[in-house]
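In the two assemblies presented below, chain A is common to both, partnered first by chain B and then by chain C.
Coming up: the complex of A and B.
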């Protein structure tokens, strides 16, 4: 039985890693489209979300199959449970990439709206967290996962500062309010990406160490 | 969930648990085993096993064939005494009473510690006589008392409703699952405190297995149960504590949910995930 289980677990691992790669690519393409005001590229990101959704369903079906057929225990059980949870987060990250792309299209259609100079930095931070959380998963690296969790506060602070600035802009230029609200949403999406990267990192810590670290201070 | 307090690290990981002392178990202890070694002639089958078996809980012993789990189980009611050339060192005590003390009355001991085997082994007698046999040799003479004991034991073993109208028929006419429950009733008839089970369901179909497992769940209210099983899912379903044996050594002992989600020893992990054994 174990040969079959371990073969299926290896397959699941490959599948979740390729889902992670798809999500990472979508996020980075959405941000690149926003920064370069490339509407076609943004629309490609929006369309690609369907593939991510399909992959999410496949990964979930594979997890259910493994649980039903093999009743895995210990690290195998933790792996399947962690994948089941991060699968959900990855799918939502795909949605966020698509949402960023949709807001990017709206902003592009309002040429008067300037992107704040800090946006690329915040986007880079969010992407780095996503990348590190997936690297932590690939390498089963709990130390890297902990670094991802630690980076979340910085991103939260960034989002608050940026949203204050957007509010000031709306007051100064009420005509651009719609596009500026879109910009505000982009900051929120970036912050949510960080939150989900943190979820994945916590799942990696659980996977490696068997400790549930959610809801703990520090 | 916190990690179990691992006994102080020793160079020899395989003997860490048995050499340095048992894992802490909360609640009253029924059986205390200390540095128990057992030899079949020149061959050592158990190596300094120490563990505290909690009262009124189910403790499962798991491990690959030949790991010593059945040998260990048999030390708990001195069943190994009947095997020639067996030598034992260390101690086993039940409620503080040393099992291997020279003055220990083995017959009285076995009344306190019942046993159920892999293969059901009813006597070629009636259902009633199978259950009444134990109390009778322990001195119960009154027919009325025996009737009560038989009914109570069959009820406890979940067999009463199926056999109450044919207590006089041969036990050998029962199905395999019923025979095994009859053997459990027979073990309960002498009112033991501890029930040892050596793969009690391995010869049964899934439905009869489920009945035995349900029964174990009910009996744990009143008895201390130690069960040897090759079926790890069974161990995880029915037991409160799990002990993993390997090559005669107790490798890890702890609460069952912990052993099956986060074992602390790599060898346990490898065994329960099927990477060896």
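Coming up: the complex of A and C.
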């Protein structure tokens, strides 16, 4: 039975990683669409969220099947539970990518609104955190996972600076308030993506070291 | 062993319900603090989020202990998995309550900003959804859970109307943009609370009927 369990766990790992790759692709495509003001590309990202949602349901069903069929213990149990939680986070990340694409469509319809030069860097940081959190999972790498957690502060600082700038713009150009609030939401979504990557990284640490690290004082 | 399993499951149920009660109390206190412009009360809500976080870690540890110790199957397994997911949602709801309280502090420092007369109703709707989702869990009531899911559209509509009004206010009074964006965030948090209550209600339906209802077309 253990051979079957490990075969099914390997399949589960592959599936959650392809879900992760879909989410990474959605984030990257949403930002690219915003930067190139490509409405069609943004709409493709919005539409692709359905596939991410379907994949999430599949992963959850697979986790439940494994739990019911093999009643795994110790590290196998921890792995399945961590995947269940990550799956949840990945689905929410897909929603955030779709939200970025929705705000992008609103912004590109208001050509007066300029995108801050720092936006691509902030987006790259958020994407890198997502990618590293998934790499940490594949390689069961708690060190990399801790680096992801550490990167979160930088992203939060970025967002605060961008938020200040958006406020100044709104005061100077109140007629652009709607598109500027959309831009502010995009910064918030990027920050949330960093938070979710941090959640996944914490799950990896838990998986490797068997302890719950979140809500710990730094 | 089954007697012990059911005793531990009953304990888990009580614990997740008291976590739910803490979250309900935090939401209600955050809104009350905003409406009465009571900064001290808002800060108490922000501080109390630590207790919610600690309780979440406890509930998760209890779930893992039950899974490892009894290797439950069928409805017991479904219950523990549903609690694991709800626990996650409840913790995020606690974060939203704390965020409402933080925005409330910013808003009350800017006395020029008026709160829309509809805010208490919208807050009551969101709280009622949270309460009903937890009641649905205690009573394993899929009908009540479906009502929670149905209430979500009304809350979304509310938020859209409030969002429009905030935008008009920003255009008319750009100097109040910061506090008004805080207000807009509070509406968003209330809408998110409704979304999370819907998540819990979907978990209850899954628990009662054994099927995954989310992402289903209406």
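Keep in mind that, in the parts below, the second predicted complex is superposed on the first by the 218 of 218 C-alpha atoms of A that agree within 3 Å, B and C clash if a C-alpha of one lies under 4 Å from a C-alpha of the other, contacts with A are read in each partner's own complex, and residues count from 1 in each chain.
The rule is short, and it goes like this: contacts are C-beta pairs under 8 Å (C-beta built on N, C-alpha and C of every residue); 3 or more make two chains touch, one makes a residue touch a chain.
Please read all numbers here as calculations on a predicted model, not as lab measurements.
Engineer: Touching A:2, do we find chain B (first), chain C (second), both, or neither?
Structural biologist: In the superposition, A:2 touches chain B alone.
Engineer: Check the residue A:77 against both partner chains and state whether it touches chain B (first), chain C (second), both, or neither.
Structural biologist: Both partners.
Engineer: Pick one for A:117: touches chain B only (first), chain C only (second), both, or neither.
Structural biologist: Touch status of A:117: no partner.
Engineer: Which partner does A:88 reach: the first (chain B), the second (chain C), both, or neither?
Structural biologist: In the superposition, A:88 touches chain C alone.
Engineer: If I apply the document's touch criterion, which positions on chain A are contacted by chain B in one structure and by chain C in the other?
Structural biologist: Of chain A, residues 71, 73-74, 77-78 contact chain B in one complex and chain C in the other.
Engineer: How about chain C: which of its residues touch chain A in the complex?
Structural biologist: My answer: residues 50, 53-54, 56-57, 60-61, 64, 67-68, 71, 73-74, 77-78, 81, 84-85, 88, 167, 170-172, 174-175, 177-178, 181, 184, 212, 214-215.
Engineer: Help me check something: in the complex, which residues belonging to chain B touch chain A?
Structural biologist: Residues 1, 232-233, 236, 260-263, 268-269, 272-275 of chain B touch chain A in their complex.
Engineer: Can you name the residues of chain A that touch chain B in the complex?
Structural biologist: Answer in residue numbers: 1-2, 5-6, 71-78, 210.
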